[in-house]
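In C-alpha cells below, several structures.
Two complexes come next, and they have one chain in common, chain A, joined by chain B in the first and chain C in the second.
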Partner chain A sequence: MFEARMAQAALLKKVLEAVKDLVTDANWDCTSAGISLQAMDSSHVSLVSLLMRKDGFDMYRCDRPISLGINIASMTKIMKCANNNDAVTLRAEDEGDTVVFTFESADQEKVSEFEMKLMDIDSEHLGIPEREHTATVKMPASEFHGICRDLSTIGETVQVSVTKEGVQFTASGDTGKGTITLRNNSSVDEESQQVVITMQEELSLSFALRYLNFFTKATALADSVTLSMTADLPLVVEYRIEDTGYIRYFLAPKIDDDDDEDNN
Partner chain B sequence: MGIHDLSKVIGDNASHAVKETEMKNLFGRKVAIDASMSIYQFLIAVRSEGSNLTNAEGETTSHLSGIFYRTIRMVNNGVKPVYVFDGKPPTLKSGELAKRTERRKEAQSKLEAATEEGVQADMEKFTRRLVKVTPEHNRQCQELLDLMGIPYIVAPCEAEAQCAELVKAGKVFATATEDMDALTFGTSVLLRHMTFSEARKMPIQQFELKKVLEGLDLSQDEFIDLCILLGCDYCDKIGGIGRVRAYSLIKEHHSIEAILEAIKKEKKKYTVPDDWKFAEARELFKNPEVAPAKDIDLKWNIPDVDKLVDFMCNKHGFEEGRIRRGAEKLVKARSTSTQGRLDSFFKVLPGGAPKKRKSSENKAGAKKGKGGKVKGKGRK
Partner chain C sequence: MSKGGNDIACGKSKLEDRQQRAYAVWVSEIMLQQTQVKTVIDYYTRWMAKWPTLKDLAQATPDDVQQMWAGLGYYSRGRRLLQGAKHVEEKLNGRIPETYKGLLSELPGVGPYTAAAIASIAFGCVKGVVDGNVLRVLARLRRITQPIDTTPVQKAMQALSDALVDPSRPGDFNQAVMELGATTCTPKAPNCTACPLASLCQSHRLHARAATGKTAVASDPTCNLCSSHAIADIATTDLPRKKPKKQSPVIDLWCLHIRTQRDKVLLLRNPDTGLLASSWTFPCVAHTEHATPHAAVGTLLPSVKKADVVHTNHVVEHVFSHRKHRYHVLHVSCGGDDEVRCSDDHNDRSQWVHKTRVAATLTTTNMKKVWEKVKAWRKKQGGGIVAALKRASSTPAPRP
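Coming up: the complex of A and B.
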C-alpha cells in the first residue's frame, strides 16, 4: 500500500509543469524514503531527476517499494481538476494497476476522487555519479528563465562561459549575436537575489537552448537555480524544492565535430 | 534472404528486444549500412511510372538517387552513416545464389509471357524480380559516396558480417540492414527500415541482441543454431521444422548435433538434407571473414560540391538545383557542432524496469503469436 498526502495541490501541479514538456511517460518510484522519478527525453539528450522526500508530505506511507508508470499528460489533466489550495492524496495498492487521486477543498466541503490507469513503462535507468563540478553558478531562477528566453530569440545554442569576472551567456544566429553577463553579487542582502559563482578553472560549454527552455518550466518551484558545469560533461540545472527535495536536469553538451574520437 | 522468420520468433518470445524509434532519435550515432542491400532496395523502389530512373544514355540511376537522398536524410538527422559493400560471396552461399539465379530466370520467362499478353501489373512485378545489383552499380555508388564525404568499406566477404565486426568493436553504434542475419553474426544493435523513404513513414525498428538472447533465453551459440534451423543463406534446413518447432527443439537440446540425435527415430517426420553443411554454416556465422575493425579508420569529410554536381548532373542527368541544395545540407551538417547524447556520459543501470515486470511478462507469453511490437498501454 502506498499513500501520500500533501497540503497543497499547487506543488504537484508545478512539478508536473516542470516535467511534462520533457517526458511523456515516466515511472514514479515510491519507497519508504519518498518519491523519485528519473526520465530521459525521447532523444536521450536530457534527463530529469525528481526527488520528493517523505518529510515534504503531510502523511506518507509506503509499505513496499512500488513504481507507478504514469502518462504525464493524463496526470496533468487530472491535476487540473484540483484547486491550488486543495489537499491531495495519492493512493495505490501494491498489486493494483491504478492510482487514485483524492482532492479535498480547504474548507473540507468538497471531495473529488480520480482513478487513473497505470502503464508498464520500459525505461532505462541511468546511473549518475555524484561529482564535484569545476564551476557552479547560483542565480535567481527568474533571471535564468529570462536569459534563456531572450537568447532563444537570437539562436539555437547558448555558450556558457565562466570566468573570474562572471558568467557569460552568448547566442548567435543568422540575425546577429547576443551576450548577457552576470557578475558575482553575493553581497546582496536577499539571498534569493544573489548571484554566486564558484569555480576552480575557467570553462566554456555550449548547450541547446531548446532544452534549457524546457528546464526553466521549473522556475515556479524555487527562488534560485544552480548550474553546475565541468568541461565536456553534461550540465546540471538544479531547483531545490523547499522542505521537500529537488528537481535536477541534466543536459549533454554540444560537441565540436573536428574529429571524432568519441562516444558512440 | 537473411534468416527465415527470425523476426517472428523474436516478436513471439522476446518482444521487448524490439523498439520502434524515429531517425531523429538516433542523432550523433554512427551507423554501418549494408550497402548492397540498400542499393538493391533503391533499384526496386526508386522508380517513376514503373521503370527505373535513367540518364541520357539510358543507364539506370535509381541507386544514385537513393544513396544521395537517403544519405542526406540521415546526415540531416545527425546520423553518421558508413556504407559497407559485399565482397566475394562465401562459397557456402553458392547454393542460395544458384537458387536466386534460377528464380531470376523464371521471372524472365514470366516477364516475356506477360509482355506478350500485355498485362501491365504482371510486367512490373516481374521486372522488379529481375533486379540485380551489378559491380558497376556498386562502383558508381562508391564514387558518389567519396564525393559526398561519406566513408565506405568493401568487406572481404559478407557485408553484414563486417558491419557486425564494426559494431562489436564499438566503431559504430548499430548495423542498418533488413537482413536479420546481422544478429546471427553478432551485431549488438540492428536497425531496420533505416534507408526507407521518408514518405513511407516507417518507424525504425531497433533490435538489441542482448535482449533478444535474454528473451529467448539462449546463448549466442544456441542462437546461431536456431538461425540455421530456421533457414539461412548458407545451407539447407531440415524439412518439417517450422519456427515454433525449431525454437522448442533448441530449448530442449541446445545444439543441432543433439537435435539430430534426438530426431533420428522420427525419420518420417523430418527430412535432414544429405551431407548437411550446418557445421560449416555455424563456423561462418561465428568466425566470418572480416577486416579487423582496428585497421579501419572512418572519416567523414566535407563534400566536394563541384565534383558532386558534375557527377550527378552532367553524367547522370539529375537536376542541378536539387543536387546543390542537397550538397548544402551535407556541408551544413558537417560544420555545425553536434548535440551530445546523455547516454554516452552516464551508464544505463542493469535491470531497467524492476519488479512488476514479472506478472506482465507471463501475460505477454500467454498471447503468443501477436508479435508484440511495442509495449502495450495499460497494464491489462
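Coming up: the complex of A and C.
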C-alpha cells in the first residue's frame, strides 16, 4: 500500500508544470524514503530528476517500493480539477494498476476522487554522479527565467561564461547579439535576491536555449536556482523545493562534432 | 497503314551517300535523346572525327565508347550504338537497313522516332516522325485535346504524321515540322502571328473567332480525339494535354544510425541488383506498426541485448523516379566500445566505418542526406545526455 498526502495541491501542480513539457511518460518511484522521478526528454538531450522526501508530506506511507507509470498529460488534466488549496492524497495498491487522487477542499465540504490507469514504462535508470563542479552560479529563479526568455528571441544557443566578476549570458543570431551580465552580489540582504558565484577557474560553455526554457518552467517551485558547470559535462540546473526536496535538470553541452574530418 | 510503313527503300541517291548519311543521322539522333542540342554538338563533332564511318565505329571497344560518352549521361545509349554498328557490320553486310521497319527491328536502341528520322532523312522513306515538338504542333493544328500520352492517341498522332508528310521530300518535311515546334510553336509562348500554318491551325482559328465574339466551332461528335473539348476554354498553350501524373508511392523506412562508443558506424551494402545496387547504406527497415526499431536492431545485431534507440525527429525525403522514400532517422548507440558482429544474414555485406570515413563511403544522394541530418542532430544534442552523464562519472572532480 502506498499513500501520501500533501496539504496543498499547488505544489504538485507546480511539479507537473515543471516536467510536462519535457517528458510524456514517467515512472514515479515510491519508496519508504519518498517519491523520486527520473526521465529523459524524447531526444535524450536532457534529463530531469525529481525528489520529494517523505518529510515534505503531511502523511506518507509506503509499505514496499512501487513504481507508478504515469502519463504526465493525463495526470496534469486530473490535477487541474483540484484547487490550489485542496489537500491531495495519492493512493495505490501494491499490485494494483491504478492510482487514486483524492482532493479535499480546505473547509472539508467537498471531496473529489479520480482514478487513473497506470502504464508499463520501460525506462532505464541512469546513474547520476554527485560531484564537484568547476563553477556554480546561484541566482534568483525569476532572473534566470527572464534571461532565457529574452535571449531566446536572439538565438538558439546561449553561451554561459563565468569569471570572477560575474556571469555572462550571450546569444547571437541572424538579427544580432544579446549579452546579459550578472555581478556577484552576495551582500544583498535578502538571500533569494543574491547572485553568488563560486568557481575554481573561469569557463565558458554553450547550451541549447530550447531546453533551458523547458527547465525554467520550474521557476514557481523555488526562489533561487543553481547552475553547476564543468567543461564537457552536463549542466545541472537545480531548484530546491522548500522542506521537500529538489528538481534537477541535466543538459548535455553543445559540442563541435568532427564527423566531417575525412583525413584521419 | 501509311505509305511510310512499306518495305521498299524509297531513296534515289547513291548507296554510299545514303549509308553515310544514315550513320550520321543515327549518331546525332541517339545523342539528342534527352539531351540539348548545344551539349550534343561538341560530342557529335568529336565522335565523327574519331569514328567517321560505321566501319570505324564497329572496331571500337566498349571502353572507347564509354570514354567518348563521358558526361553525356544515359550511357546505355553509347553502348547500344556500338552494338548496333557491330551488328550491321557482322550480320547485315555493313549495310544499315533502309526501311523504317528494318531499322526498328534490327538496330538496338532505335525506337519509332529514331527509325522514322533515319528512314525519312537518309533514305527518303515517306514516314512521319513523331517527337515532342511534332506532337505539340499536331495537337494544336488539329486541336487534339485528349491526353497525348495514351496509346490510342499516340497511334493516331503517328498516323496523322504519316498522312501529312510530304512524299517528295519526307526528310525535309519532318525536320521542318520539328523546327517549327522548336522555334515558333513553342510550349509557353507560340508566335502564332509568324506561323506559316496559322491559317490551317484549328486552335488559332477557334481563339480568333472567340475573340471576335463569334461562337466556337462545333466539334465533330464522332471524333474521340477532340469531341469533349472543342470549346475555347482550352488555350493553345494548354495543348498538348497529358494525363495527370500518378502520385508516386511513398515508402516509410526507419533508417538506423548505429554507432559504437568509439564512433564506428554500421553500414550495409545493398544487394547487387535493384534500387541503388551495391552501394553502401545505413541499415533501413520498413516503418510499420509491427516492426519496431528495437526488433530491427535485435535482428541485425543479435548480441546487443539492450540498445539505446533515440528518435532524432529528422525525416529525410528522397524522390526516386518511381517512388518516394521517407527515412525516419533513428540514433542507436550500441553499448560496447567495439564493433559488434552482425547476424549471419548481414555480416558479409556489413562494415563498421569510423565517423570520419562515413561521408566518403556513402555514394548515394539519399544516404548522404541522411548523414547530414545525423551530423546536424548530433551537433544539436551534444552527443546526448546518456553519454554526457557517463563522462561525468568518469571525469575526476576539479581540484579543490
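Keep in mind that, in the parts below, the second predicted complex is superposed on the first by the 257 of 264 C-alpha atoms of A that agree within 3 Å, B and C clash if a C-alpha of one lies under 4 Å from a C-alpha of the other, contacts with A are read in each partner's own complex, and residues count from 1 in each chain.
Definition applied: a residue touches a chain if its C-beta (ideal position, glycine included) is under 8 Å from a C-beta of that chain, and two chains touch if they have at least 3 such contacts.
Source: prediction; values computed, not measured.
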- Task: Answer with clash or fit: chain B and chain C placed together on chain A by superposition.
- Result: clash
- Give one of first, second, both or neither to describe whether A:T134 is in contact with chain B, with chain C, with both, or with none. second
- Message: Once chain A of both complexes is superposed, is A:Q200 in touch with chain B (first), chain C (second), both, or neither?
- Response: second
- After lining up the shared chain so the two structures overlap, which partner does A:A208 touch, if you call chain B first and chain C second: first, second, both or neither? both
- Message: Quick check for you: in the superposed arrangement, does A:L47 touch first (chain B), second (chain C), both or neither?
- Response: both
- Message: Taking the superposition on A as described, I'd like to know which of chain B and chain C A:T230 touches: first, second, both or neither.
- Response: second
- Task: Considering only touches as defined above, state whether A:K217 meets chain B (first), chain C (second), both or neither.
- Result: neither
- Task: For A:A252, decide between first (touching chain B), second (touching chain C), both and neither.
- Result: both
- Query: So, A:M119: does it touch chain B (first), chain C (second), both, or neither?
  - Reply: first
- If the two structures are placed on top of each other, which part of chain B overlaps chain C: 181-189, 235-243 or 361-369? 181-189
- Item | chain B/chain C common contact set on chain A | 40, 42-47, 124, 126-128, 208, 233-234, 250-257, 259-260, 262-264
- Item | Residue numbers on chain A that touch chain C, as the complex places them | 40, 42-47, 124, 126-129, 131-134, 200-201, 208, 230, 232-234, 250-264
- Query: Okay, in this complex, where on chain B does chain A touch?
  - Reply: 16, 19, 24-25, 27-30, 80, 170-173, 299-300, 334, 336-349, 352-357, 359-360, 375-380
- What part of chain C is in contact with chain A in the complex they form? 306, 308, 310-313, 355-360, 371, 374-375, 378-389, 391-393, 395, 397-400
- chain A residues touching chain B - in the complex, by the definition given at the top: 27, 40, 42-47, 65-67, 69, 95, 97, 117-128, 157, 206, 208, 233-234, 250-257, 259-260, 262-264
